[in-house]
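Two complexes come next, and they have one chain in common, subunit A, joined by subunit B in the first and subunit C in the second.
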Partner chain A sequence: MEVSFEKKDNLLLMAFAGRLDTVASGDLMPKIGDAMDPSVSDVTVDCSALDYISSSGLRIFMTLYKRTAAKGGKFTLKNLSPQVCEVLNITGMATLFNIE
Partner chain B sequence: MKLSWEKIKRGSRGLGIILFAAILLELISGIQYYYAKREIEDEARKLAREKLENANLLVESAMSQVEVATMNVRQFVIRNLSNPKMMFDITRIIMEANPILDESAILFVPDYYKGSKEKIPRDYQPVTFRNDDGSLTTSDYSGSDMDFYTRQWYFEVVETGAPVWTDPYISYTDGDLICTYSVPVVDTSGVMAGVLISDLSLTWLENFVKEGAGSFDNSFSVILNKLGGTILDTRDGDVPEELKEIGAEIAVTGAGEMKLDYRDTASYAFYGPLGKSGWSMAIICPEEGILGDINKVSAWLLGLSLLGLALLMLIMYLTGRNIVKYETIKESKQKIENELNIAHGIQMGMVPNVFPSFPERDDMEIFALLNAAKEVGGDLYDYFIADGKFWFCVGDVSGKGVPASLVMAVTRSLFRSESLHGTDPEEVMRSMNSAMVDINRSDMFVTMLIGRLDLADGTLDFCNAGHNAPIMIGHDGPEKIKVNPNLPLGLIKDFGYRGQRVTLPMGATVFFYTDGLTEAENPAKELFGEGRLLGHIHSGDSPADIVKGLSSAVSEFAAGEPQSDDITMLAILYRGGIKSHLSIRNEVKELEALPVFVDSLGLPPELVPNVNLALEEAVTNSVMYAYEAPGTGDVDILSTVRDGVLRLTVCDSGKPFDPTKAKDPDLTLPGKDRPVGGLGIFLVRKLMDDVSYVRAGGKNILRMTKKL
Partner chain C sequence: MENVKDYGLDLHCTLILEEYRESLPTFLKMKEIVLDLLRSMVSGAGLYVNGIEARVKEEKSLAGKLELKGSKYRMLSDITDIVGARVITFYSEEVDKIASLVEKTFEVDWTESVDKRKLHALDSFGYDSLHYICRIPESLCSDPDYPDLNSIRFEIQMRTALQHVWATINLDTGYKTGVEVPREYLRNLNRLAGMLELADEQFSTIRSSINDYRRKVHALVEDGRFEEVSLDGDTFRSYLELDPFGRLTRKIALINQAEVQKTSSLPYLEVLKMLGFKTLADLEKLKKEYSEDAYQLALSQLGGTDIDIIASSVAIQDLLTVYILRNGGGEKGLEFMYDSVSGPSPYNAVRAKQVLSAASVLSFMKDKEKD
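Here is the complex of A and B:
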């Protein structure tokens, strides 16, 4: 999966493209770790190109959510595909995250 | 060496028992003998005593009679002394009146009738004696040249003036044994006139004594006078010293008995007084005579019992030998049985016997059973799956027992080695035949049927080698499959085996068996036969049902008749429908193969993402957790489409784990309390219609279904 990072003040803007499956999640996590410096309190992920997410990917979302929540910030997901949306609904995360 | 020590030990044990029995026996015999001996002695004693008593009484009464008669006549004589001629009549009269007397006589003192007018001789002695015929003869012994005056019955009586009983002596008139009672005759003037004598015949006593003696073997009697001298002896014997000594005492001491040695023979002596004249009678009989019989019997019994014991010892020795032999044989037999049992275990291990054999597959089901007639047998079956092809074989080695089982083992190895790199059953059969002809020394052959089922499309290639035709069970019921009549394996080198092909419709079952099944006999010598076989197979039965059902049917049919041949049954149900099969190692990287796999299934596009997700979750779970690091293993994914349902099976051979047991995560928890992970299985359950888990054949098998 491809990921792009953009930092705007205390907002980390990411765009995921492709499939966030177990393999991709494994590769992604370290990269996010690098990008998430202490100044970041909000995270937004553009999911317009995200075709697929598995539980490993959900794990990453949860981690990001908890980190921003701890800093009083917001975790936002944008342009979710129906499949990813369904998964978030099933797992009850849709209500947790900020969906746009 | 060990053998004979065992023998000795056993022998001495037996010997001890025999000795003890012998001692006991002899003890009992001894006691019996002792009591028997006492009994007999008592009997003898009673008998002897009776005889003695009788003799005593007889003698007493005879003597009394004589005394009385003589006394009476004496009065008569005294009154008629002046009439000398009358004396003859008097002696006659007394003789007539007393038949017991042998002779009656009066011996006058010399010259008693001197100066009488009748001219009476000096030694006047009128006599009357009894002849042998019983008649009486009166005679005059006067003037004989026998000097009667010297006789004891004369001078003792004349001197003492008292009556006298003489000892028995031989009569000079007729040679009989007699004794004499003599009384003095004193006339009215007090002058001794003479003696009146009565002779008592003792022949009857002689006879009596002889009779009494005869009661016991080799016994004899003696009659002793008061001095211990012999009066009468039934045989030429010297009186035992001991008796002589007590002869005089007996009359005083009375009846008795003693044991003595007579001529070096242990003997009994029973004795008692005889009459009033101081005589005594003794009966001497050797112990032998009394105890002779029981001694003989005892000796015989002893001899026999010793012989019996010797015989027993011989038997024990021989039996002991046999027992040891028998026990060694038993040991050997036990060893052989143990080894056969182990061999049986090994043989059973050679045929697949874990069911279900392929639990992760639902495109086929198989059940098999092998009942060996003996501990080890010559039937075989085998199967395995390689590259989506199910290879199997069923075979029957000619014969049974150990030789057949060895050939069976060889055949099975050949099957495996040839089919793993063989192309089709026909080729495998030819290679196997070639190898077996080479090694076949004992003209054993193997009937065989090899098959290869393509699980993707149900194509069954098979080759028969003299084996009985399999049965196809479709919707319409069981039907024999026609087979090519190829020769059994191991007979003709380079035999041109010809294979065959049938196609199994989905849901069909094929049934293979060996002739032990159809040729099973019942007590009436009837065979189970193909008819009964077909009768017990119904379409719709599972392979296990078919095989188990036939197994009990044959048992029932045989009704206790011992199984004469191995029975093998193999039933394969082909369901088909496996679309794809993917096998990956337990590495996360391998998960990349999954989307490709799912794409290949040709599913409706709208289902693809969710199926992908569910599959990924399930497989990830196995990949991450089934095998403990650093262990490696495979995760297999099988996909079946049948009747509009997709079934995905994920299985691994790792540690047991049931994902369906995991609790659903609590979605109501506030964000900060929600755990990060734990969603994988939950998603699987949510995304698929049905999720089930089974642990079988050492595998975790997770099945997910989705209606298409």
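Here is the complex of A and C:
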């Protein structure tokens, strides 16, 4: 699982690649915590290279969604694979996030 | 003293103006304290007002006042509006609420305070505002660097936004300058004051009626008299407080022993209305007739996975999915629901296709095909 971060003013852009499973999520959370400095209100995740998402990955999305919502910001997912799209849909989470 | 003489005031007024200059740091300090106290007073009471402001009278303005009626004042402390604050409310009844809070927060000098709302004769209209002359109580704030902080009086004006507009425009006509305004203009201004008084009253009446409606609806929902309650934003919110989809959500969560993230079902209101749901009884019918199929749909989707987290709104999503499919809405109907709830996105067509594919093997779809 690879992740990259880019910050543009109050927007944090992330790109996930590979499998966002329990192990990857455990490694990822501290990195996201570091990147989410107080100036960040909007988060966009590029999922074009994300092949698989588990419940742990969904928890990361929920955390990001709640953090941005608390700041009046927006959480956006881009370039979803059919698998990720389906998982978001069957859990009822697709209606929460901004999907582009 | 050079600048003081520039105003052309007599000695008495010149001394008052000099006293003003010496006390200016205290006035500025008072302004900040009063503003802070008013803000925390209003927010502490959970009130939402149009504005809270404060100012220290400018030297030029004071000189103008002294020039007009300087003999009326023995000393600077007789002028009670050097520091002035204003609380502007949306509704007329809130003026009294603010007044009550001010009485509890500050020391009010009742001999100088005026309720201008009560000064009008039955057949006259004009400036409507409540003016309290106050002091900052030592119990709230004292500062040895400003020994007069608690003895100097200041003014708090309380009025509605419409009264404020009228007063500001009236001020713009120059009544304070002592220039006589032609009678016809004054008459028109006063007619406008009457109209605004009526508008204030109407706003309060409308708000009161809406609150009565909400209370009534809330009571009906609590009593379970759903057939008497039309579906709208207020009623749907009250209905959701009863957690009507909680049972189905918990049943879906049990499929994988999932954690339920609490999320709002309110975004589904527009879909419900567009699908023709008119009363809360229609929602109860939806639950009764479609819950089992909605559960079967969730079971087919989640059962073969190890996903152990769901949003609580998945229940209404699945109920409406089944409703749309059983009533012939098909893929387009699902896409319409996603567009309405999540906003338009190319992924909504993908979602609709996936759900239709998952549902096509379920009994309710097969039964539909037989029909």
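Following the convention adopted for this analysis, the second predicted complex is superposed on the first by the 100 of 100 C-alpha atoms of A that agree within 3 Å, B and C clash if a C-alpha of one lies under 4 Å from a C-alpha of the other, contacts with A are read in each partner's own complex, and residues count from 1 in each chain.
Definition applied: contacts are C-beta pairs under 8 Å (C-beta built on N, C-alpha and C of every residue); 3 or more make two chains touch, one makes a residue touch a chain.
Because the structure is predicted, anything quoted here is derived from the model rather than measured.
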Taking subunit A as the common reference, can subunit B and subunit C both be placed on it without clashing, or not? Answer clash or fit. clash
Should A:23 be classified as contacting the first partner (subunit B), the second (subunit C), both, or neither? first
On the A-aligned overlay, A:85 touches which partner chain: subunit B = first, subunit C = second, or both, or neither? second
A:94 in the overlay: touching subunit B, subunit C, both, or neither? Say first, second, both or neither. second
In the superposed arrangement, does A:13 touch subunit B (first), subunit C (second), both or neither? neither
In the superposed arrangement, does A:49 touch subunit B (first), subunit C (second), both or neither? neither
Kindly classify A:32 by the partners it touches after superposition: subunit B alone (first), subunit C alone (second), both, or neither? neither
Let me test your reading of the model: by the given contact rule, A:63 touches which partner, first (subunit B), second (subunit C), both or neither? first
Can you tell me which of the listed subunit C stretches (117-125, 207-215 or 261-269) runs into subunit B once everything is aligned on A? 261-269
Intersection of the subunit A residues that touch subunit B with those that touch subunit C: 54-55, 58-59, 62, 86-87, 90-92, 96
Contacts from subunit B onto subunit A in the complex sit at residues 588-589, 591-592, 595, 609-610, 612-613, 616-617, 620, 665, 667-668, 671-672, 674, 676-677, 679-680, 682-683, 686-687
State the interface residues of subunit C toward subunit A in the complex, per the touch definition above. 258, 261, 263, 267, 298, 301-302, 305-315, 317, 338, 341-343, 345, 347, 350-351, 354-355
Residues of subunit A that touch subunit C when the two form their complex: 54-55, 58-59, 62, 80, 82, 85-87, 89-96, 98-100
Residue ranges of subunit A in contact with subunit B within the complex: 19, 21-23, 26, 51-56, 58-59, 62-63, 65-66, 69-70, 83, 86-87, 90-92, 96
